[in-house]
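Next up: the structures, one after another.
Both complexes shown next keep chain A, but they swap its partner, so chain B is in the first and chain C is in the second.
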Partner chain A sequence: MNKPLPQGISLEQFNGAIADIIRIIGDEYVFTDDIKELRSYRDPYNTTRDEDFAPSAAVAPKTLEEIQKILAVANQYKIPVWTISTGKNFAYGGAAPRKPGYVVLDLKRMNRIIEVNEKHGYAIVEPGVSYYDLYNYIQEKGYKLWIDCAAPAWGGIVGNTSDHGAGYTPYGDHLLMQCGMQVVLADGTVVETGMVGSTNSKTGSLYKYGQGPWVDGLFTQSNFGVITRMGIWLMPEPPGYTPFMVTLPHEQDLELVTDLAQPLKLNMVIPNAATTVDLLWEASMSHTKAQYYTGKGPMPDSARKKLGADLGLGVWNFYAAVYGPPPIMKNNLDLIRDTFSKIPGAEFHYDDTRKGSPGWDYRVELMRGKPNMTEFSLLNWVGGGGHINFSPISAVDGKDSYRQFDMIRKRAHEFDFDYIGEFLVGWRDQHHIFMLMFDRMNAEEKKRAHDLFDVLIDDAANHGYGEYRTHLSFMDKIADSYSWNDGALLSMQQKIKDELDPNGILSPGKMGIWPKRMRDDT
Partner chain B sequence: MLTRRTFLKTSIAANAALWAPASLAFSVAHVIQGEQPLLIFADEKSPNSALFAEQFSEQTSTVGLDIGLHFDTFNAFCSDHANGWVSGITRDSDFFVLQQLAAQHRYITAYSAMHTSSSTQLTHQVTSSADKAPLLAEALATSKEKWPVWLADNLAVLNSQQLASHTALSETSTSQSATDNHVLVSWLFVPSNPATR
Partner chain C sequence: MNKHLMIAWLLVSTMGLLGCEQSEPNKPANIEKPVAAPVTKAPVKKVSTSTVRSGKVIYELHCAGCHAAGLGHAATMKLELARPEGMSVLVQRTDLTSAYIHHIVRDGLLEMPPFRPTDISDEELENLAQYMIKQGKAYNQQETSHE
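Up next is the complex of A and B:
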């Protein structure tokens, strides 16, 4: 296969740019060998051709100054660079760029934990710091602080937060808990946001907004700058923690549990990011589909019933936790029990009955911010573990949740896939994650998964649902679905892009935002 | 009760038996000279995986539960052994995670194979270099239920500096009812040759 090159760049120009970058950061951290060095910058789970997202090179600077110099080279040659932090954004494209030939700007080596402040409960980290790194650091130092990690937790804090990721403790809305960032703009200018922008500030990680427009959000899910440092708030270790699970026997119970959870969440009786998880997601933590069903298409109800009975799982399984001094936990748990006991057949579970079950164990860890990788067990459900996530937002409303679930489930079955999903209950919304599992070795199945995803975007838009995050393949289509007032939102984003990055070098196409010079081609 | 454990061991395998069936005639040419540092991963819930690990004589330690707990061991091994190999028979998800870590250490996947078992059928889908893939698939099928033993004995044969990009399929009937996790993956990561950079 010919080496993929950035659009409009000759091999001679490319080699010139790479030589310039080698002079900046040395040969050791400039990767150009497709087989030996660049395979981890591909998307293992893409549903189209592998080469659609193949980079031409990857470069891994260690310092802010090196980034500035690399961007200067990119500007000179008009070479697009695709920024990643730890590159673990699997199901949404991993470390791969939006188009073939981009140079991946890999910030893994920028992995300093700059500060952890126990009194005020925050950390300042560089993009290469993973959830494991920060957790281990806090444990070593003995700080009484919790992190809030994504699942699985090998990803980076900066990357996940800037992609609007979520966790499972009361600090589960990661961008809400972000405070201050350092950004390098395309022209090399370094900007500190929030209070750090003021002279000699001592409150950079304490107050998000400073004076004037709050701009941090502009650098998330976008391509307006390179985030090189971020402040995040950390939860003080509470005096008590009691996780619980409610198994629900019927499909329609999704409506009931959502409506009952909504006021408990809004009033902070349930303080954390709770989850309503379907049977197959839970079962896949310890079992494979073939152990219960070897036919084609989605698992039939008879097999699902046996699976649920064998594993002691509900059709839906609601996870949440209470935190605090024991009297407060008891008070809140009593209220929660009284509330959910209204659902016929609902059963409460705690550590005494569920400990040792992988599905329970990993969620117990996540709801207290302990990183793990167990959720990857999902990949074993069908074998050949490919997956992409379809992630629409729904209201915390029973009828709305069921409508969205039913819409996706019907389409999934029509395309011969299982519905495997969860609702992550936020403050006033739910992130509905449909884990579209396919055999990545099976070309026909990959195409079918791609087609299903494409249809789901249309279905969701027709029902008034938008997605909060998506895979590389569908960024344009979803950006187009935010079409109110003739796409005024995207037009504004493009204007900002053109102003901040006139050569269009930073992550072109991220979330559908293309620079002027590439807009016509897309 | 549903606990899944992963166990692993670090071993210095001094060219453990490199016996190969006649069909794999090229095996002799790939015998490793000298001691080969090895890190072996296996899933103790899987009988086939355990059988593979048993072929390495060193003491086995059970340290399992979550693949994330093995990151430090993996990273330390790769950092400490410039010519080390990492191999295993695991669930697909664990293979994927370790493969990503390996790539960060500039290891390449010299070989991998997906082993799918049904009640009486065992399928091996081998990904290796073009010359080796069909031979490996055939050898695995010929080994019947003992395929993990064959893999352990022939680790050296699996090595390649070529990207594992060619697939070959083999099927065999088995008298053993499938007690394993339906799909397992065997794999070998080796350091890429820096001279070719």
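Up next is the complex of A and C:
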């Protein structure tokens, strides 16, 4: 394989830029060897070819000043840099850049936990801080605070929040809980958002908005700057916690459980990010498909029934929790029980009977912000590990949920894949995650997965659904699906891009936002 | 339902009073105000500035989540199904070599993604390999002495 290079950059220019970066940060954290070093910057789970996303180099600064100097070099040579934090954005591209030849700006080494404030419940962290790091730090210090982590939890606060990720405690909407950030613009200017922008402010992590436009969102799922620090609110450890699961025996119960959960969520009787999880997702925490079905295509109903019966799982399984002093928990649980008991065949489960079951145990940990990796067991379902997530938003509405599930399930089966999915139930929306699993060593299967994903974007758009996040391969297509008024939204984003980053060096193509000089090529 | 909801509201609304008095929020530390500095032209030699973590620390941070013994560990579950008995828990094995561990960590394997040099440096990777090999030997010696 030829050395991947940024588009329009000669090997000589590239080497010049790398030499300049080595002068800034030394050569210990400048990686250019495609075989020995850069293989770890691939996306191992893509649906196309590794070389579609192969970087030319990765550079890992430790300080803000080093980032400024690296961006100066990138501007000088017009070399695109692709920013990652902990680099675990698997299912959406991992650490890999949007196009071959980009230089990955790896911020993993910027891993300081700058402050944890127990009274006011917040932390300020750098991009390299993982959920494990922050959790362990809080445990060591004995702070009575919880984090809210994604699953799997090896990701980081800054990366996940800026990609609009979610968790499972009452603080599950990560961007909602973000407060203040420090950003380096393409020209090296450092901006502090919110209250920190004012002199001697003590409220930078307490009040999000400062005065004037709230700009933090501009730096999320975008390429307008490099986030180097972020404030995140942390939930005080409650005096009590009772997780529960409701198993539901029928496919149509998705409609019922969603409609019944909706007022409980909206009124915060269920305060946390609840989940409605399908049978196969649950089963994959302890079993593989081959243990129940070795034929071709999706698992047939007969095998699904046996699987559900053996593991004591429903076709759908609703997880949530109540928190607080015992009287609050009792009151709310009574109401929740009364509500879901209206579904024929619904069964309630608690720690006393489910403890020890991996599917239960990891949800119990996640809903109290304890990081774990159990969800990676999904990758065992078919084996071979390949996976990308199709992630449309739906209303917390029974008919809408079922329509979306049915749309995806039918297409998945048509392409010989299982439907494996969950709905993450927020206050007013649901993140519907369809986990498209395939054997990454099987080229035919990869292509089929890619084709299915492509069709699903069209199907969703035709039904009026948009996706909240996506893999590198599909960023352009999904950006185009937000097409109202001749794509006025994307046009505006591109205008901002051109103004803030005239040389187009920062993460070109992130979420379909291309700088002027590269727009004609795409 | 209304009654339940009302009680819930009242209880939730009093929860904010339960916290105790602690420190004031700090002024965010070290708010640097750097100016865009010119690129330095002085050559910098390769100097290791990082703190090298032990194999145990790396194992617990990056490996144990999937490879520890017991249920709920994705890789252990997979190896239990795919490999002969006694091969599912990495730190209980005696067949792993340093070169093999280096290769798999950097390259990934099937379900396992690769780990970047910023996750685990080369020195730390060697510490990890030695830790895993040592743990495997110790485990098997202990098992043998119990027989």
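Details
Simple rule for what comes next: the second predicted complex is superposed on the first by the 522 of 522 C-alpha atoms of A that agree within 3 Å, B and C clash if a C-alpha of one lies under 4 Å from a C-alpha of the other, contacts with A are read in each partner's own complex, and residues count from 1 in each chain.
Everything below uses one rule, namely that a contact is a pair of C-beta atoms (placed from the backbone, for glycine too) under 8 Å apart; a residue touches a chain by one contact, two chains touch by 3 or more.
Computed from a prediction, not measured in an experiment: that's the story for all the values here.
Considered on the superposed chain A, chain B and chain C are sterically incompatible, since they clash. Once the two complexes are laid over each other on the shared chain, residue contacts for A:N332 go to chain C alone; chain B is not touched. Legend: residue contacts after superposition of the two complexes on their common chain; A:L206 is shown touching chain C, with no touch to chain B.
Legend: residue contacts after superposition of the two complexes on their common chain; A:D33 is shown touching chain B, with no touch to chain C. By the touch criterion stated above, A:P358 is placed in contact with chain B and with chain C alike.
With both structures placed on the common chain, the touch criterion links A:G314 to neither chain B nor chain C. Shared-chain residue A:T294: touches chain B; no touch with chain C.
When the shared chain is aligned, chain B and chain C each come close enough to touch A:W154. More residues of chain A are in touch with C than with the other of chain B and chain C. Touch criterion not met for A:G172: it reaches neither chain B nor chain C. Once the two structures sit on top of each other via chain A, chain B runs into chain C at 55-63, and not at any other stretch of 19-27, 37-45 or 55-63. The interface of chain A with chain B overlaps its interface with chain C at residues 36-37, 39-40, 44, 108, 132, 152-154, 285-286, 288, 291, 356-358, 361-362, 372-374, 376-380, 383-385, 441. Within the complex formed with chain A, the residues of chain C that make contact are 1, 4-5, 7-9, 11-12, 15, 18-19, 21-50, 61-62, 65-66, 71-75, 77-78, 81, 106-108, 110-119. By the touch rule above, chain A contacts chain B in their complex via residues 33, 35-37, 39-40, 44, 88, 108, 132, 152-154, 285-286, 288-291, 294, 311, 356-359, 361-362, 371-374, 376-380, 383-385, 441. If you check the complex, the residues on chain A that touch chain C are 20, 22-29, 31, 36-37, 39-42, 44-45, 58, 60, 62, 64-65, 68-69, 72-73, 76, 87, 90, 94-95, 106, 108-109, 114-115, 117-120, 122, 124, 128, 132, 152-154, 180, 182, 187-190, 192, 196, 200-206, 236, 239, 267-269, 271, 285-286, 288, 291, 324-325, 327-328, 331-332, 334-335, 338-339, 356-358, 361-362, 372-374, 376-380, 383-385, 440-441.
For chain B in complex with chain A, the residues that touch the partner chain are 1-4, 65-68, 71, 91-94, 96-97, 100, 103-104, 106, 108, 114, 116, 118, 125, 162-163, 167, 181-183, 192-193, 196-197.
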